[in-house]
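Before I ask anything, let me first share the structure, which is written out below as structure tokens.
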Amino acid sequence: MAEKIRVTVWNEFRHEKTKENVKALYPNGLHAVVGEFLSATGDMEVTLAALDDEAQGLPDEVLENTDVLVWWGHMAHKEVSDELVAKIQKRVYLGKMGFVGLHSAHHSKPFRAIVGTNGNLQWGRNQREVVWNLMPSHPIAAGIPDHFIIEEEEMYSEPFYIPQPDALVFGSWFEDGNILRSGCCFIRGAGKVFWFQPGHETCKSFFNPYVRRIITNAVYWAVPSVDGQSVTDKCPHITEPIIGEFNK
Amino acid sequence: MAEKIRVTVWNEFRHEKTKENVKALYPNGLHAVVGEFLSATGDMEVTLAALDDEAQGLPDEVLENTDVLVWWGHMAHKEVSDELVAKIQKRVYLGKMGFVGLHSAHHSKPFRAIVGTNGNLQWGRNQREVVWNLMPSHPIAAGIPDHFIIEEEEMYSEPFYIPQPDALVFGSWFEDGNILRSGCCFIRGAGKVFWFQPGHETCKSFFNPYVRRIITNAVYWAVPSVDGQSVTDKCPHITEPIIGEFNK
Amino acid sequence: MAEKIRVTVWNEFRHEKTKENVKALYPNGLHAVVGEFLSATGDMEVTLAALDDEAQGLPDEVLENTDVLVWWGHMAHKEVSDELVAKIQKRVYLGKMGFVGLHSAHHSKPFRAIVGTNGNLQWGRNQREVVWNLMPSHPIAAGIPDHFIIEEEEMYSEPFYIPQPDALVFGSWFEDGNILRSGCCFIRGAGKVFWFQPGHETCKSFFNPYVRRIITNAVYWAVPSVDGQSVTDKCPHITEPIIGEFNK
Amino acid sequence: MAEKIRVTVWNEFRHEKTKENVKALYPNGLHAVVGEFLSATGDMEVTLAALDDEAQGLPDEVLENTDVLVWWGHMAHKEVSDELVAKIQKRVYLGKMGFVGLHSAHHSKPFRAIVGTNGNLQWGRNQREVVWNLMPSHPIAAGIPDHFIIEEEEMYSEPFYIPQPDALVFGSWFEDGNILRSGCCFIRGAGKVFWFQPGHETCKSFFNPYVRRIITNAVYWAVPSVDGQSVTDKCPHITEPIIGEFNK
């Protein structure tokens, strides 16, 4: 790969400033930790962005130079401007950018708009999670065993009102009796979307080597690959037939 | 079926008032024709609605008493209010209403928002279309042969930037060299969505018996069937474990 | 529905003869219990069949008069003749019969051949199972709540090497840390297939009202619906063009 | 990629010996032409195999050293031994080999067994085909425009009784009024399968640069990627719980 993948890791970055236990885990924001392990691949050029940055962290010159946008948001979903959401959605649909949603991004505006879902699920206390590998042949599952255990993660549960994923790569078990479709690929427009469950702000999941591997795999997978098509943001009027002649 | 299915057929209803050739085909609006063959089943109670009616045709008391919403729009997509679109989307996601989009509804606001697509495709002149039955086992294909011919329909073509349908029931051939995934089921939230290609305002497709059968089948299929679940418009917090005990 | 659905419930029927605990639960075979609750709908005409019956329970006159075949097998999968498997597979593919596989039928010859899988999964001791409803809009989920608990069932676990289902209706949680895609629809040829996890021979799952409802729903869903197509067991040579003329 | 992908191109290799027009196009067999453009990537080590070779071209030492098996068969499908088919199917399911079926391989024994289909479709005379790109974001579509024209190819038509593909990458238009789902990905077991329509023995499709690019892309995509899982050919009995303790 001659050129590096341009990854922007967007974080709401509020919990880390207000909650001591979160600050202790992620003093520079959880996006800094995610960005660090992505950078460590050597294949990615990482930009960090936060809600309270200028232009909500995504001025046009950043967004237009992003190949894959990684997103974490939670308490401030509603603050993200509809205009920005529309720009993100459009860029994904046109095959210019992939989107990787982490944890509570299931309820974020861009995830909901891009995928076509209200993102609703049930949730509960932190507990043990077992992540099961449902599709070992998928590139996002490379290097991941049959299952792995996360000692503490926020419980998310079905019913999760997402569309059936194009590829359901991971499913999760939670101690209290719940399960979740926890690693889901969606093809939307000419773009690729992945959502992954682990990553609560009070948990260490972003330090788990399998979680890191999965997020890293997902970024590689989500890189736009449209290189032979003329994807446009309109419905082109065809005035010449592909085959044959008009009014024959 | 003890109670009738409550179907609302929504039509932009502009072309029929301004273009002579359209008015000649559909003097009372194409929704009147669609409503008539749906009513003829004896199983459906049909309400007609139009963009220029009060509350854009869908005041709350109509929407909240609709089991299946059939939608046709074209030149005035942008006039449909975002507030109404949000209400429609929410009602489908909560499993209270099915949505059947006809023809140029592929680019309508509700279809795009519900499904998660920009709805973009290519289009061309009116021509012969052959509709192929790709999934004979699907209830929407009941009574439909291997293929049937529509003598004149507006050409719609791939690339059509929809998500992969949960069921791809029909595909179409067009004279000029184009094809389209033309009959598509999408499961969204707890609701069901079907989109079907034929139905240009200058064509007689809504008089074609197979087109009528397919739209009728689609309405039966899209009726909400959530009767054992507590679907809500939020992410419920579970405070009691399904199995086991907290803090054990 | 004027005519009754002709359902044949096939059971290996060996455990019930040799193991006391199984005999105590299902003295006439578990197929008798399944057949009984299906008959109780009033819509189904049920035939019971067992491996040790003549023609392995499915002579041609039975098979050819079966609309939906329900299958339970376990220790004697290999004894089922390849010839019979080929007949079953063909009948499903031609849209003449649906197939509902129960529990250990995941590893049966007909399920594997029809669906295209080795049917492999992991399994463990009997324990509590929570069945989660992943697709409330699906007809097989009608009447089923968000989740229900089975106090004792054999544990089955991912990785389950099935193709991605056309509809993933249920998922299951097991006490020991395992999950499973436990209620799966597959469209194969012009026919419909459903597989459901509960139903171990030492457990009472076939007496559970939700399990009964799901199996009953599945039989209704799997009824062949090909009524407009000419499905044949060959590749027809088309000698006349659909549109246009040869050698023009 | 440190090591080369080991590709075996299997061809029935009968038409080329008996029909003058086929021999003229493919004097060394069409597999030789396919093998040549795959070799030209520099990333693949290609082995040619034919039905009339020893062990039907696939002795164990060849099969067990194949990462991707490319298959073309037509008139002699029935001659391929069931034992060989079982070996191929098993190797794909265990994630040790990908399978790329070309043209009439839709009706080959391995394709049918692996995917779970009778492979039936309709077919007609040679004519113009337009291949449409339905999923530009898919790696197999890389470098392929919206559509391309093949001047002469055997017509294949829906209804094609395949399962819904995990990814429907291409669809085709044919002059006489027919369409086909013509480029289909199937995930089976831990392995990957792609089938592509062009490649009739009397046509030059294997010289078409887009056809070559697609087949080449498909081989890269189908390479086994199971590197973290313990895929076995049985149903392992789990005797220790993942979480918790037995009989607690």
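We just call them A, B, C and D in the order they show up, numbering each chain from 1.
We take it that a residue touches a chain if its C-beta (ideal position, glycine included) is under 8 Å from a C-beta of that chain, and two chains touch if they have at least 3 such contacts.
This one's a predicted model, so the numbers in the text were calculated from it and none came from an experiment.
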Required steps from chain B to chain C (each step between touching chains, minimum): 1
Which of A-D and B-D has more C-beta contact pairs: A-D
Between chain B and chain D, centroid-to-centroid distance (C-alpha), Å: 36
Where chain C and chain D are represented by their mean Cα positions, the distance between them in whole Å: 30
Euclidean distance of C-alpha centroids - chain A vs chain D, Å: 32
Sites on chain C at which at least two other chains make contact: 130, 133, 135-136, 146-147, 149, 157, 159, 164, 166-167, 173, 175, 177-178, 187, 190, 229, 231, 242-243
Chain contact graph, described as a line, ring, star, complete graph or other shape: complete
In the complex, chain A residues that touch chain B: 90, 93, 107, 113-125, 155, 157, 159, 161, 163-164, 166, 175-178, 186-190, 229, 231-239, 241-244, 246
Complex contact set, residues of chain D against chain B: 130, 132-136, 146-147, 149, 157-160, 164, 167-168, 171-174, 177-179, 181
Chain D - residues contacting chain A, complex: 95, 128, 130, 133, 135-139, 141-147, 149, 166-167, 173, 175, 187, 190-192, 224-231, 242-243
